[in-house]
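First chain A sits with chain B, and in the next complex the same chain sits with chain C.
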Partner chain A sequence: MRKKNQEDTWTELKEQPVPEGHHLLEVQDLKMYFYTQDGVVKAVNGVSYNLDRGETLGVVGESGSGKSVTSLTIMGLVDMPPGKIMGGDVLYRGKSLLKMSERDMQHVRGNDIAMIFQDPMTSLNPVYTIGRQLSEGMRLHLGYTKEQAWKRSIELLDMVGIPNPEQRVKDYPHEFSGGMRQRVMIAMALACNPDILIADEPTTALDVTIQAQIIELMQEMQQKNGNAIIMITHDLGVVADVADKIMVMYAGSPVEFGTADEIFYGSLHPYTWGLTRSIPDPVFTEKHPLTPIEGNPPSLVNVPKGCPFSPRCPYATALCHEKYPDLYVTETGHYSRCHYAGDPEFVKKNAPANSRTKAAAKAAKEGGEA
Partner chain B sequence: MEQDRTGQKPLLHVEHLTKEFPVEGGVFNRSRKKSVHAVNDVSFDIYPGETFGLVGESGCGKSTTGRCIMRLTTPTSGKVVFDGKDVSKMNKAELKEMRRNMQFIFQDPYASLNPRMTIGEIVSEPLVIHKVMPDKDERMDYVRSLLDVVGLNPEHINRYPHEFSGGQRQRIGIARAFALRPKLIICDEPVSALDVSIQAQVLNLLSDLQQEYGTAYLFIAHDLSVVQHISDRVAVMYLGNMMEYSDWKTLYAEPYHPYTQSLLSAVPVPDPDLQRNRKRIILKGDPPSPINPPSGCRFHTRCPIAQEICSKEPMPELREVAPGHFCRCHFAAPKPIKESSVEL
Partner chain C sequence: MGRYIVKRVLQFIPVFLGVTLILFLMENVVPGDPIKLIAGEKKLDPQTEINLRIKYHLIESDSNGKPIYDENGNTIETPMWERYVDYVGGLLHGDLGYSYQQNGKPVADILAEKYPYTIKLAVVAIILEAIIGIGAGMISAIKRYSFWDILVTLITSINVSIPAFWLGMLLQLFFGIVLKNATGGAFYLPISGAGGPTAEFDDWVYYILPAVTLSAVSCAYVARIMRSQLLEVLGQDYIRTARAKGLSKHDVIVHHALKNALIPVVTYIGMDFGGMLAGAILTETVFNWPGVGYETYRAITKRDWPIVLGSVTVIVVVVMVINLIVDISYAYLDPRIRYGSPKEQG
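Let's look at the complex of A and B:
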């Protein structure tokens, strides 16, 4: 069934084993700057992480923190110029994506690494039927005939839970609701059974009940296909729900990286603490005022000297305003870019309470009373 | 913040508010008149100085309710009484007078400020329209003090909106709404366009201003945790109907309505332990179209506990299931979600 209509000697990357000593996806100190009239925008500034099959990486950050641009760089979707790779590498199954030719990249995009965008309204073409748009990738990458692709499109729509797929496959995007369009996007991304699914704010435009459906669907599909997911979002609730590993980004650089438990119960960076404190707590007893992070995120043209977070950090010292902090890495690979991350006293004193520390404090209190 | 309101007069009284938008059938079928049932029989009171939260998914009629109250759109039927006067019967002059005491904060901080006016002009415009401060110097001094109150630099009075970030623009909108010291401010999704750290700043500002001036808020939002944080009482809307309302504590801890229960369980909590252990009710399908709402209870098509009666009987009435707790369901039963959370 599978036939190649291209003549080049492309070998399917996803069918090869991951080379010894490599991860499925390795991003190593990636730097990508935009050269604009206003100056150099350091959009991606030293991003590193590893990802394996079946894992979900959550990328959290505020708007303009570089979380989307990082994945666009990995996919080779940033226009160069104005963009320019300033260092680092991206290895997919041991092969550098940055050094790959555009022709080879076209094999990778959609086939090995697929992407879901935030806005399902604008990422579907309004003048083609859903079926035709779904078929496109399969005909290109898998060499399906029109009929095969059409048949598979119906199966895919059924798989993502769209009722009456035989009829709906002939419909146009405007005939679908927002949640259904996002399901179509997921179907499209999964059509070629990719290794890595990059989801850029996939549920931000959707209502909570629909968001829950879409997240459940993505998790189901991951269990079935074993693909890795990179989930880019600003919602800490969503990452707590899906992510195994979390990367927190600020002003183009990751400030903290760790497992979900490490980030939520043992965070080592003041920015992560600030984010946690900014969200209203689901409480039933007493309301506390929120503790926002003062000020605004910096412009990426003019990143503050020293630690980029220092102007907004309540604990910043003279050292923070002067020197860019080194990574503090723990034994488990949890890292934080803060001068004081290695100081347990500092962390204990300033980190916000979470459900685990609260439970422990409660137990200790009851134990003390008894 | 709970208080006994017996004997207290509500600032705003909304009774059986209904709004239908006619849908024209197009060139070829003009005869068939349909309408969008945007708001259907909504009733509630807002007392001076309190925050009343209105939550629901997009298209549930929460914004239309706000617009009807301010009469930015005329309700089809029902009564809106503000400060003892019926808003729906007011003429133009009376409306203008009423709007001195009722202001609006809009969702989009980029679209709600005129790009060709300076911040000073924007914030002082309500004062000019209502001829409150005829003297320009006095007015500008007042605007400077307002900018200071909302956390902006008073020296920026001659700058234009594009020079400000989203959060700062929302502060300008807040300063404008507070310029006349109104009794009620309708906040339509005031923080949903902002980043979390900025969102917290704006929410704190709104609470501080309320404490200082005693303004009442009608707070419309889709984010349940934001609404819980800021509101004294919360109402949940679905497809134009108010499904349940109560004080914030009871509504979130012991929701009666199956829609409220599923809505609350669908919100992801930023706590992996809790998230793993809690049971979620995932609703099937999309909300039905408000042009052709389902017969009977409007929620029955997605309701996990729907029975035959739900589609056959007309929409159940709002009934008081506990003191001050109203719910619109045949089978309303409390479902405490309290034990799933960790408390100190």
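Let's look at the complex of A and C:
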């Protein structure tokens, strides 16, 4: 294993200030395609967003919408080939991650940008102790000795709420429950105090009761360390509480991007509306069932002509089936890729009711009666 | 763990008794009188014959080694069950009986003389098998679909379909005869025997061809298992986790993938080593290798049952011990396997 102190040319990126005019992380029209036997899979097709320290970005979309691949591309963990960057750039503190050498990228991974994966049951190596797996990153990036890293591992386990960490650090992954393992994954990701924590569906494989604990833990750690979080999920409910910004993805491209407020209360895209309607609500009954989005997401080899969502969109017109929509951007930076996003009548008529529109309608009604 | 080992060792007893009983019965079912076999063409005088029958426990004798006669003055044939009990009792004292041929030499002495050759050949073969098999498998997996991968796949496919004896003969033909003739006798490899009278490594050239022959098929299997295991492990989530930590591809393979991928390979190599220690009858016969395999083969053709019985008995014990060692080594490679203690399970 190479140690940090053997490297002399590398400057610690996370200790550098963010250059003027740049954000902590800038993804600019990123395109990454897979070249397979079945054809070109446009897995990431024009993703853009900015992220600053202390912020949380929620990335929402169905399975196969390119959420995870986008973050794997940022981390440089997509095998090339079959993957190929087709355009765009990823800037971290003003430096392009895509142009970095593999050696430099190894410094960024785990050190500046860390990642938590979906399934904690399989994401830990079964043949090594928790302590060894936690130590690894610290020994690599922080130049810790074995003893220092081991001591720090115990502290980290304590921090993420594992009881009896002095004993547990010697245990193997199979001796931990799913929730505990995800805590270990979080401890592992935070070991080197990264700038950005990418959490790829961190709660999907966990019990509902544990889900809340894990989300709280991540927020708590964020407040302590000030890192940014990219929270990838297919569950709008999860990001509702935690995200500052939300990017909704469909078929490899973002269809809407905005603050949590804008996405939940002023969404401008029918796909986001569909997702909002499919959040389970206690008032849903047999008479008022959950409204799913009909159909399935398209194959990324054969993205439909025009707007990719048009075959499933209840409001699609001939234009939607023909022309790929342009971005409709508001003054606040909220954007939507829908032909009709700029039409307030269309939005007002079709957007799902939410607590604010309901309250406003109620107020208007009462005002009218008075 | 201690309890597990004791349990496994206790399980040896029924297996051991079963195997020896079957072999013993087989020996007795096969027609032919061993004493006539020993005598061959010659005519034995009655006293020598009686002494021989006593030596091989074929007739009852008293504590002074004198035959016991019945009321008609005939010797009493020992019942089969009593001879079996005698045999097993002898085994416990390290007495494997006496050869019918070879001037009635104790079987234990013959095996002690032959076993070092077999063990050394097995060690050389297993080292070859591990290094070449694991190495080829790794290259094949890491450089998947490359020229090297295809080459390895092709060679292993051919290797597994070649019988060991035929490969041995081809090697003898090429390295012993064709090469010798082509170089005018300057360069060739020995094709028979193990060199000097002792099993020292001074004559290491004698080991090359038999070891290659013995390990060829297993080598191909090891390479195949290694390739598929490593590919499977490299697709696991924890490999991605390790990469996300910032480890290089090299470190990920060496520190994270290899140990996981090796678990089934170690099993295979361990079992195979057990098999090789049992004596590679085909390889040893082709190369006139003075080991237990060749000795067993010779004993079978000459109906020298005590040697067959003795060597198979020893082989059974060796294979059982090796299997136990393989099973125990699992627990060190894979922490999910813990034997015996219920607290640590699950």
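Observations
To be clear about the criterion, the second predicted complex is superposed on the first by the 360 of 370 C-alpha atoms of A that agree within 3 Å, B and C clash if a C-alpha of one lies under 4 Å from a C-alpha of the other, contacts with A are read in each partner's own complex, and residues count from 1 in each chain.
Heads up, the rule we're going with is that a residue touches a chain if its C-beta (ideal position, glycine included) is under 8 Å from a C-beta of that chain, and two chains touch if they have at least 3 such contacts.
Since this is a predicted model, take the numbers as computed values, not measurements.
For the composite obtained by superposing both complexes on chain A, the positions of chain B and chain C are free of clash and fit together. Once the two complexes are overlaid on the shared chain, A:Asp119 sits against chain C while remaining clear of chain B. Once the two complexes are laid over each other on the shared chain, residue contacts for A:Gln106 go to chain C alone; chain B is not touched.
Shared-chain residue A:Gly137: touches chain C; no touch with chain B.
For chain A, the partner that touches more of its residues is B, with chain B and chain C as the two candidates. Judged by the touch definition given at the top, the superposed model places A:Met75 against chain C, while chain B stays out of reach.
Look at A:Asn227: by the touch rule set out above, it reaches neither chain B nor chain C.
Once the two complexes are overlaid on the shared chain, A:Gln182 sits clear of chain B and of chain C alike. Minimum Cα-Cα distance between chain B and chain C in the superposed model: 6 Å.
Under the contact criterion defined above, no residue of chain A touches both chain B in one complex and chain C in the other. Residues of chain B touching chain A in their complex: 1, 57-58, 165, 167-168, 195-201, 203-204, 207, 222, 224-226, 228-229, 249, 252-253, 262-263, 266-275, 280, 282-284, 286-287, 338, 341-344.
Across the complex, chain C meets chain A through its residues 236-238, 240-248, 251, 255-256, 259-260, 333-336. Of all the residues in chain A, the ones that touch chain C in their complex are 1-2, 75, 77, 102-103, 106-111, 114-115, 117, 119, 122-129, 136-137, 140-141, 172, 174, 185, 188.
Against chain B, the residues of chain A that register as touching in their complex are 62-63, 177, 179-180, 207-213, 215-216, 234-241, 260-261, 264-265, 274-285, 287, 289-294, 296-297, 353-356, 358-359, 361-362.
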